[in-house]
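Same chain, two partners: chain A is paired with chain B first, then with chain C.
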Partner chain A sequence: MANNHAHARTHAPAPLGGSLLTPFTLLLGVLSAIAGFILVYRFFYGLGAVTNLNDGYPWGIWIAYDVVVGSAFACGGYVMALLVYIFNKGQYHPLVRPALLASLFGYTLAGVSVIFDLGRWWNFWHIFWPGYAQVNSVMFEVAVCISAYIVVMWIEFSPAFLEKLGMKDVKRKLNKLLFFFIALGVLLPSMHQSSLGSLLVIFGQQIHPLWQSGALLPLIYLMTAILLGFAVVILEATLSSTGFGRPLETKVLTPLSKIMLGLLAAYLALRILDLLWRGALGTAFAFTLEAGMFWIEMAAFVVPLALLAPASARRSASKLFAAAVMLLAGGMLLRINGFLVGYQTGDGWHYFPSFAELMVTVGIIAFEILAYIVIVRKFPVLPAAQPATR
Partner chain B sequence: MDRRYFFKASLAGGAALATGAASCPAQARGNKDLPPEALGLLFDSTLCVGCKACVAACKEANDMPPEFSTQEQYWDTPLDLSGKTLNVIKAYRHGSVEQKDRAENGYAFIKKSCMHCVDPSCVSACPVSAMQKDPKTGVVTYDKEACIGCRYCVAACPFGVPRFTYDKALPQISKCQLCVHRHKDGKYAACAEVCPTGATLYGTVADIQKEIARRKTLEPGKQAMFPRGKLGGPDQSYPNVVGTYLDHTYGEKEFGGTQMLMLTGVPFEKLGYPDLPPRSDAALSETLQHTLYGGLIAPIAVLGALTFIAKRNVKPEDEEGEPHGK
Partner chain C sequence: MSETYIEETAEAADKVAGRLGINRREFLQFCAATATTLGLPTGAEAAIAKAVEKAQRPSVIWLHFQECTGCSESLLRAEHPTLEKLILDVISLDYHETLMAAAGHQAEAARKAAMKAHKGKYILVVEGAIPVKDNGIYCKIGGHKAIDMLKECAADAAAVIAIGSCASWGGMPSTDPNPTGASSVGDVLGKPVVTIPGCPPNPYNFLATVVHFLTFGSLPAVDQLGRPKFAYGRIIHEHCERRAHFDAGRFAMEFGDEGHRKGYCLYKLGCKGPETYANCSTIGFGDAGESNWPVGCGHPCIGCTEKGVGFTKPIHQTAVLRGMMPPASYPRIVEEQGKASFAAAAALAAIAGAAAGGAAMLAKNLGKHDAEQQPQQKGE
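Moving on, here comes the complex of A and B:
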């Protein structure tokens, strides 16, 4: 879909080329393989054989990180589509395709990693089957909506593959309908990213008051998902510029960060007002793990706000990068705190991920980066460094 | 221009619909109501002697494996509910452990098994209808053939009732189903059937509520008759000393009510039962979902608006990858 935007003439995407086998890609491959072995073991011997899950913490990092954080980190494509095609900000067009690719992998892997965590995974299709599907369940909404979005993203991204495969006819037909898939691709993440927060509503007072925002949870999760989308685009643009030795895209990122800053201020206002309104802020001053984690989380949102407030700071690639990294940490902590640190179902339950559990998460991230590298080297994703000429 | 006007109008309409759906109070739902023929249990802690016959009977009736917590693995010694244990009796001990059913320097026994909530979180959470509440009896059942093993029910239940078999390659959820599989033989919950003192009683919630009201009128320390087994079944009542009850009947109001109701002499927080609000979490969760997604009105309206805007902003070009200078 890259060039069908009116403003997107100068930076046509092109394959990067270059070698696929480097020490870095080799490391990524090894980490992916280790995760693969652990998962094989898990399917033969059960979740308990590799994870530290228990009935007090039935969800661990495979849900809280791989799915809840993982999908939020994959919101770059969603946010760029929202900005470029809904708010008609054509200048960000070159960022769309790489962001969409990262989202495609992030979401596909988040979706696949759900299977690793499902105890009775062979029944997973029940979620989509009338008679089994239970529409009052927040989990139902999340599962259906994420699955639909993964399909929509593959369709949105398919022009890049069709280009390579030389299927111009299919591509032309698809291009005529693309606007509808783009609209779906904005609607669906808005729905499930908010619902990922709604998952916590039914946990009631099992969630610490610092994170049990009740009916505001969907808005809090949606706003931070969009923030993370911005942050991840800045991160990817910076990393792929330095990693592939390409010019920095700071010119595009500077105005982008201004929008991000406004949203960040709005989010912090909402978060603090909610805590005050529910009278929960007092618990942040107790000497507890929860309170400590809360302040780290808040710092990760407040520091980028202060850092990027001066206009000159937003023109600095390193400050943009630092702010993006901190925001990613903040969004991750909000989710980890909500789902794990702030979850307490009764006395005597403890959870910290096992080494094997951590290695699976690391392996999934490694596989994601590896696949991204392979695709941008082989397919037209990143904007060509020099404008193509006829 | 006409077309433009039409789109603008439909956009405005969509926005109006979305706002309407988001603020429609008709979508809100309160706690669910007690089913007409609700079945349940009455657990009277003052009658329980801690013999754990109910724990053994439950294992046998539900074909559950033993669980060991002692060095010598001679007999079943579960300490808590688990993938292998659907019902357990726990002891409360304080200080010198002198007197039964007293919080200070006393002790008490408490039953842990499914509360069969009137508005259960597990049923609302389950994405595949594996957890169901019988519309007539209100018994909360589990169907492993439907279950995907996501454990949202385990995480959602405020009582920590549904458990999961993490050690199995083909795992499942374990929870008390009030022995519904024994109903067809005219039998009922095994825990109540074997209880020698009537501390656990089976019956309709209506009968249980009457029995609770009767017990609260009895004079502590005096002799009275106590039924055993099943309320409304064959008379197995026997005389016993009336205990000292707290006013609080657990499960009457908690979380929208439960079909297992409990009487004790020791406050419930000390016995491991959470202090829960009268509103069920399922009610808020479903109100939220129905407000946002009821009849798919809001999503379709928003999709309409987004499609319109995207159609305007996304311009299909003749050829990709061959940029035209403009």
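Moving on, here comes the complex of A and C:
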């Protein structure tokens, strides 16, 4: 391990350089622009003009995907900070800054997406205002906690900007305080990622028994958020290595995947025991959409467990990547199933996102990737490394 | 029917009426009503009258745990024919915390004495749920925990009857998160008992069960949940006076609207009649006429007798229809709402396909890279 560490990265982060204008960034730009256009339309003509939201489904993919899944996909920064600064695993340090950057955009856009979904969006500040806020609500906890975490993450990430701008004095002073923000940066996601699960607790009967785990929901959402954090670090490290023609970071990712494997086994045990304990597993054998979605979700968790079980598989970049992608799909399905597929507010109500809604979500993802590419090319995020030798 | 039989019945009725200080007609009406409630054939009212006249007066021990005493109250407030007089005449109520004159140690002594004197012959009636969490410390009477008291009294009882939803399946105290671990009598004793669920249950259902025991020496036939079939064999919706409105698609859409004032079906206001087993729609409450029950008064049924419905589902959430749908030619109860477009479905499928395809291609390329790395790693 020590050898690995020395071998891996002693280089400080440095801007990647290179051209910003490629066919890929152009495509991302076009997708972002389409989303921007739809959103302008939405703010002028209202939600009904753009979305398929209705009285039975007052929220759709802009909340279920952009906020709930989006913020869980953005847990890379949280998980890396947890490993490096709390469990003192210094060998993962090179992964912190890129993971934090991905989280920064994921969370910021998740926070902004809430405003897109608010009918009377100009009142969004009410939730922060003491006279208006309903302090006993789970939604309040989620809103305040996510907002605070976004601010904390920008502060955590600011050394990258300060280095670029040459503000060494400010950076030195900030470094003395940074431990406080890092601690907050671990505490806050633990709070709101579990609270996103608590949101479903209060829906009670309206959530299908396969996803209504009651008091265990916060734990289930927190465990999968951490799992998704690991998976997204593997995905992001692999994509930036292949995309920017840099050497693969498999040697750092292998021990990471071992932790992920343990957590995945624990999560699956908890999930299945909970279903058995509540007597809900029977509903999975009915011929329904919910049951079908449940099995796809479970497969997306079980296959990576089998895939990564042999030690040799965890050293294979392709298997690590495949497992990470499947876990991301599983974590996404758990949330989509809980918040939309298994959510029934009354007979006769249906929801399927409109084309415009989908394009906004696609545009937001495109914008995240675009912003990531721009930042890593212009600011010191990725560790300086020799060009790929393969 | 022979003349002597009628005379005997009349004689029995006279005796009971004299004993209770009520008139004979009222008593015979009661016998007939009970026989009807039980679904018994003509002539049964005579058997009932005779059984009541003989009045073996079985000893009854009535326990109260986590409840509101509403079950006892509904029994005492029944009006015709002075039901409380009858019930106190046909049974010997040896222990009932609300009604007995004794207090303190005297009360407990009465219970012990009754249990000893009528060992194996007394009827145990339980009202209220039993807390089992933390060793059952959340309900104590005379220093004894509810769970201990129930087990002690049930051991030598001839029959155990759970009255009210709390005793039958946990009822309101067992609502999530159920902080005291409120459990039903059946769960605590680990065996099925006769249950008369309801909040409160109709007093006639309880009385008819007791009278059945007196008349035939056995408890009435029950379903798998221990509910007497004569009272809980059918869904409320089946015999609801507003059923015709349901079938015709005429619904009250909100309280006070035209449909509500005209007495239309309350299904869309959340009536749980279609998933609740009870005879409320046929016998009514409080002896004040058939319109006197929740739906008759214009409020949707909350499903108080049914586990998993009453105190669990939101009151105004629409009920699950159990095996009954109006004919297809009638207006639909539920209008399908919300829209989906083919373009959006196609776009989502394309995105999912592209993501899966991209991931698969990348994994394949990485696989080639792994293959190249493998010999190197072995060499290291």
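The criterion applied here is as follows: the second predicted complex is superposed on the first by the 376 of 390 C-alpha atoms of A that agree within 3 Å, B and C clash if a C-alpha of one lies under 4 Å from a C-alpha of the other, contacts with A are read in each partner's own complex, and residues count from 1 in each chain.
Here is the rule we use: contacts are C-beta pairs under 8 Å (C-beta built on N, C-alpha and C of every residue); 3 or more make two chains touch, one makes a residue touch a chain.
Owing to the predicted nature of the structure, the values given are computational and were not obtained by experimental measurement.
K.L.:
Consider chain A as the common anchor and indicate whether chain B and chain C clash or fit when overlaid.
P.N.:
Aligned through their shared chain, the two binders clash on chain A.
K.L.:
Applying the document's definition of touch, where does A:44 land relative to chain B and chain C: first, second, both, or neither?
P.N.:
first
K.L.:
In the superposed arrangement, does chain B or chain C reach more residues of chain A?
P.N.:
It is B that touches the greater number of chain A residues.
K.L.:
Is A:136 contacted by the first partner chain B, the second partner chain C, both or neither?
P.N.:
Only chain B; A:136 stays clear of chain C.
K.L.:
Which holds for A:346: it touches chain B only (first), chain C only (second), both, or neither?
P.N.:
Touch partners of A:346: chain B and chain C.
K.L.:
Now for A:12: first (chain B), second (chain C), both, or neither, which partner does it touch?
P.N.:
first
K.L.:
Please indicate which partner A:183 is in contact with in the superposed arrangement: first for chain B, second for chain C, both, or neither.
P.N.:
A:183 contacts chain B only, not chain C.
K.L.:
Quick one: classify A:281 as touching chain B (first), chain C (second), both or neither.
P.N.:
neither
K.L.:
Identify the partner contact of A:214: answer first if only chain B is touched, second if only chain C is, both if each is, neither if none is.
P.N.:
both
K.L.:
Touch test for A:268: chain B only (first), chain C only (second), both, or neither?
P.N.:
In the superposition, A:268 touches no partner, neither chain B nor chain C.
K.L.:
Which of the two partners, first being chain B and second being chain C, lies in contact with A:291: first, second, both, or neither?
P.N.:
neither
K.L.:
With the two structures fitted on A, what stretch of chain C runs into chain B, 21-29, 291-299, 345-353 or 363-371?
P.N.:
291-299
K.L.:
Pick out the shared contact residues on chain A: the ones touching chain B in one complex and chain C in the other.
P.N.:
54-56, 204-205, 214-215, 346-347, 390
K.L.:
Which positions of chain B touch chain A when the two form their complex?
P.N.:
81-83, 121, 124-129, 144-152, 154-156, 158, 160, 163-172, 272, 274, 276-277, 281-282, 284-286, 288-290, 292-293, 299, 302-303, 306-307, 309-311, 313-317, 319-326
K.L.:
Report the residues of chain A in contact with chain B in the complex, numbered from low to high.
P.N.:
Listed in rising order, the residues are 1-6, 8-10, 12-13, 43-49, 51, 53-56, 58-59, 84-86, 88, 117-121, 123-124, 126-127, 131-134, 136-141, 143, 159, 163, 168, 171, 175-176, 178-180, 182-184, 186-187, 190-191, 194-195, 198-199, 201-206, 214-215, 218, 343, 345-347, 380, 387-388, 390.
K.L.:
If you look only at chain C, which of its residues touch chain A in the complex?
P.N.:
176-177, 312-314, 317-318, 333-341, 343-345, 347-348, 351, 359, 362-367, 369-370, 372-373, 377
K.L.:
In their complex, what parts of chain A are in touch with chain C?
P.N.:
52, 54-57, 204-205, 214-215, 238-239, 242, 248, 315-319, 321-322, 325, 346-355, 357-359, 362, 390
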